[in-house]
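Chains: A, B and C, in written order; residue numbering restarts at 1 for each.
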Amino acid sequence: MTQTLGELATRFDADIKGDADCRIQAVASLKSARPGQISFFYDRHYADELARTRASAVILKPEHCDLSPTACLLTENPQLLFARVANLFQQQARVEAGIHRDATVAASAQIDPTASVAARAVIADDVRIGRHVIIGAGCVIGAGSIIDDDSRLVANVSICDNVRIGKRVLVHPGAVIGSDGFGLVNDAGEWLKVPQLGTVSIGNDVEIGANTTIDRGSLDNTVIEDGVKLDNQIQVAHNVYIGAHTAIAGCVGIAGSTRIGRYCAIGGGVGISGHLEIADNVHVTAMSLVTQSITEAGVYSSGTPLQTNSKWRRNFVRFGQLDEMVKRLQKIEKKLNNY
Amino acid sequence: MTQTLGELATRFDADIKGDADCRIQAVASLKSARPGQISFFYDRHYADELARTRASAVILKPEHCDLSPTACLLTENPQLLFARVANLFQQQARVEAGIHRDATVAASAQIDPTASVAARAVIADDVRIGRHVIIGAGCVIGAGSIIDDDSRLVANVSICDNVRIGKRVLVHPGAVIGSDGFGLVNDAGEWLKVPQLGTVSIGNDVEIGANTTIDRGSLDNTVIEDGVKLDNQIQVAHNVYIGAHTAIAGCVGIAGSTRIGRYCAIGGGVGISGHLEIADNVHVTAMSLVTQSITEAGVYSSGTPLQTNSKWRRNFVRFGQLDEMVKRLQKIEKKLNNY
Amino acid sequence: MTQTLGELATRFDADIKGDADCRIQAVASLKSARPGQISFFYDRHYADELARTRASAVILKPEHCDLSPTACLLTENPQLLFARVANLFQQQARVEAGIHRDATVAASAQIDPTASVAARAVIADDVRIGRHVIIGAGCVIGAGSIIDDDSRLVANVSICDNVRIGKRVLVHPGAVIGSDGFGLVNDAGEWLKVPQLGTVSIGNDVEIGANTTIDRGSLDNTVIEDGVKLDNQIQVAHNVYIGAHTAIAGCVGIAGSTRIGRYCAIGGGVGISGHLEIADNVHVTAMSLVTQSITEAGVYSSGTPLQTNSKWRRNFVRFGQLDEMVKRLQKIEKKLNNY
């Protein structure tokens, strides 16, 4: 696919500076771009890379236009416009419709003829696969699950029984959806398993990262609403509810029955305890531990600063004396007030 | 399967209030239950849901009996009794014995005729599979491994060579058992791999969560005793020893050669350094870091509180000044004592 | 394979004490060794095990030689020499060259005749597999990827499209290489996916742990240099660059575009924010959070000490008052100076 810069400007309602007829075939970074490619610039930190770029055109803010050695597509949000242009040029790997001869599909499964099922995929009884769905190699789909139109499971994804996945959902390799929740009752010291009878319900336009795990509900369902984006290696426990358009970075763990609002952003490695309510529009910074509900939108954090090990060892010890320090402080204040 | 409330009371030695003849076919949550289902109640926080439930019966403590709009099964531990009833009603997906035509099984493997091996499973040389074992789709079992009676590997599980798995063990999708430990010796700046010659030995009644990894021992074995329950995305390094009936929540990492006692409970996201000894009956709260052995039973924690980012930034900086603060405090105390 | 102690001494340029003709067939731990095996000793903590060992020989420092009840191989670095001896004795599971009849290999893939492709592996179009490469059961290799000589993918590994893997690379089960980075642009509250057009480039002699995930670059590549060792369950985000011979322990998360130097050691559970630069020879201790670039070699840490929960609760609260404490301290100091 080739577009002139003028065609891109018209399509995305942007202004141009420079040659509207220059032909663009692909996107690239400022550093790696060659003629025929378009790049983007949003931060003066990269002004040197912009000055030296071989791209035929650059997407940038009008105020940065003079820094560019080449034609420009002007916008107040270069990252967003670049993403749109990149999506336009993206060459989807051609995937042929149909069931590969090395796939195993139960007779009772309903596979739309426009869907593609790759080699070594296993599809159990009563599964329903929608239009243009792509089931990659090595994926296992448990009995009774539904994968709706235009969704894609990349490879080696495990979907357990009776899971419901919406439209345009993208699931990366190694993800597991619908595994049993960690439901145990203590019985005189030993653990009795509580059958996990709910399932997982995933909305539309959700992305699920590599090796992320989403447990099924114990009685009711684990729910991921529309537009939620989950990075790699996230653990979502049973009966968690994640509100629409929330984005969660890698290595986050969310314990059972917690409800996370809409439009939240959870940083990498955050831990969230069970049975909490997190309001809409909450941001939690990386590796924080959330042990109580958050009722107001805002940015939240916990943790201690990185220091050289020798400094940190001293302060680390002092943390264990904090309460005692406050008492010494109180004693001094009392003494001083008595003078 | 249908039971009257009276039959359930007899079977589980519980008292009844209300209609002993009401017929129960399944369990459900207070909120989602329909007639013919039994639910449970243990916390006044959910009194509204109890008042509105459509369940035919509810399991609860005698003291809560008056809150119920319907028949009751009375017990001091409603969660435990509910788990027992749920296990009774659980409809196990019927799994046919035998080896699926799309499985790959080495000629030297011994598969009990009551076992089930699903499509796309791969079973290597000299593997032994016990009675009523279920090997799910996409599971790979390395040479010489043993899976004992009534165990189940759900799907896409990887068992490396010579691993021993006990009876009634349940392994969720994506789990890896017997991968090489992270054994390296520094050789003039570069790393020399130390062959990992031990294996993994897993007892009876163990549950292993989705995408959890358990490395094989370097010389001796990594050992998981009977009744241990591991949640999702846990990392168990080489030569770790986990005592019987310990439960470990998701995203925990345990470094090499650490020994964890019996009846411990480790919270989500906890990190445990290598070569430590953790006593029996130790509880560690979520996201704590354990860097020293714990010799006494009890509850242990580390970490800092979640705050709004603006408050936290100020306190975060002060953590780096803690040692200096103590010195200022000492100086003041000295000065005051001189007055 | 059998070697006399004398042959081992010659091969590895070490001294002997005791019977040079004693025959060694394998390595073992001090505790489990039987006659015919060689063990090692490096720490007086294990002097009892040394005294009781049944090994035919022990590798140890000359200064510990008198503690040994049996023949000794003397070296200043017993762990390194033991690793070398263990590598010598290691019995590689024999793997037959060729493509298993239950593998699925695209016609356009180039598989070296010395390579081995196991059952249920799936190899897509235009993949190139080098000499003596071993592709284990259930591995999926995406279109256009290259796996160079002597590399091994153990089982159920997912390699996405166009990934480049060097020589002698070992990838453990469940690892995912080349999944999409978490590239999103906010578009009026909803998230627009940024196509991830780069790939992953992995050098020679790299080891990648079980269920570790390495995302492809967004425009340029994610790069893992020669000799890097990654433990299990590590998350490497898009465009991360890891310098040669760096070792990273389990459960670490590294956010996008961060560059880690050579010869670094990153402890378990560490989190590293995006767009940082970490110098060469940096050590970060377990579960630290790195939010700023590190420009000098050294050991770095963050976190708070483990305490009994009751003590910790008091100090935990005080952490939230730290800034206020400093202000009280300043007030006192001012007051005292006025006396």
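As a working rule, a contact is a pair of C-beta atoms (placed from the backbone, for glycine too) under 8 Å apart; a residue touches a chain by one contact, two chains touch by 3 or more.
Since this is a predicted model, take the numbers as computed values, not measurements.
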| item | value |
| --- | --- |
| Both-way neighbours, i.e. chains that touch chain B and touch chain A | C |
| Interface residue identity across copies chain B, chain C - same or different by half | different |
| Chain A onto chain C, rotation angle from CA fit, given as a multiple of 5 degrees | 120 |
| Between chain B and chain C, centroid-to-centroid distance (C-alpha), Å | 25 |
| Where chain B touches two or more other chains at once, by residue number | 120, 138, 156, 174, 211, 233, 251, 303-305, 307, 317, 319, 321-322, 325, 329, 332, 336, 339 |
| Of chain A, residues touching chain B in the complex | 104, 120, 122, 124, 138, 140, 142-143, 156, 158, 160-161, 174, 176, 179-180, 182-187, 189-195, 197, 211, 213, 215, 219-220, 233, 235, 237, 251, 253, 255, 271, 273, 283-285, 288-292, 294, 298-305, 307, 311, 314-315, 317-319, 321-322, 325, 328-329, 332, 335-336, 339 |
| In the complex, chain C residues that touch chain B | 27-29, 31-32, 77, 79-80, 82-84, 86-87, 89-90, 93, 100, 102, 118-120, 136-138, 154-156, 170, 172-174, 207, 209-211, 227, 229, 231-233, 245, 247, 249-251, 263, 268-269, 286-287, 303-310, 312-313, 316-317, 319-323, 325-326, 329, 332-333, 336, 339 |
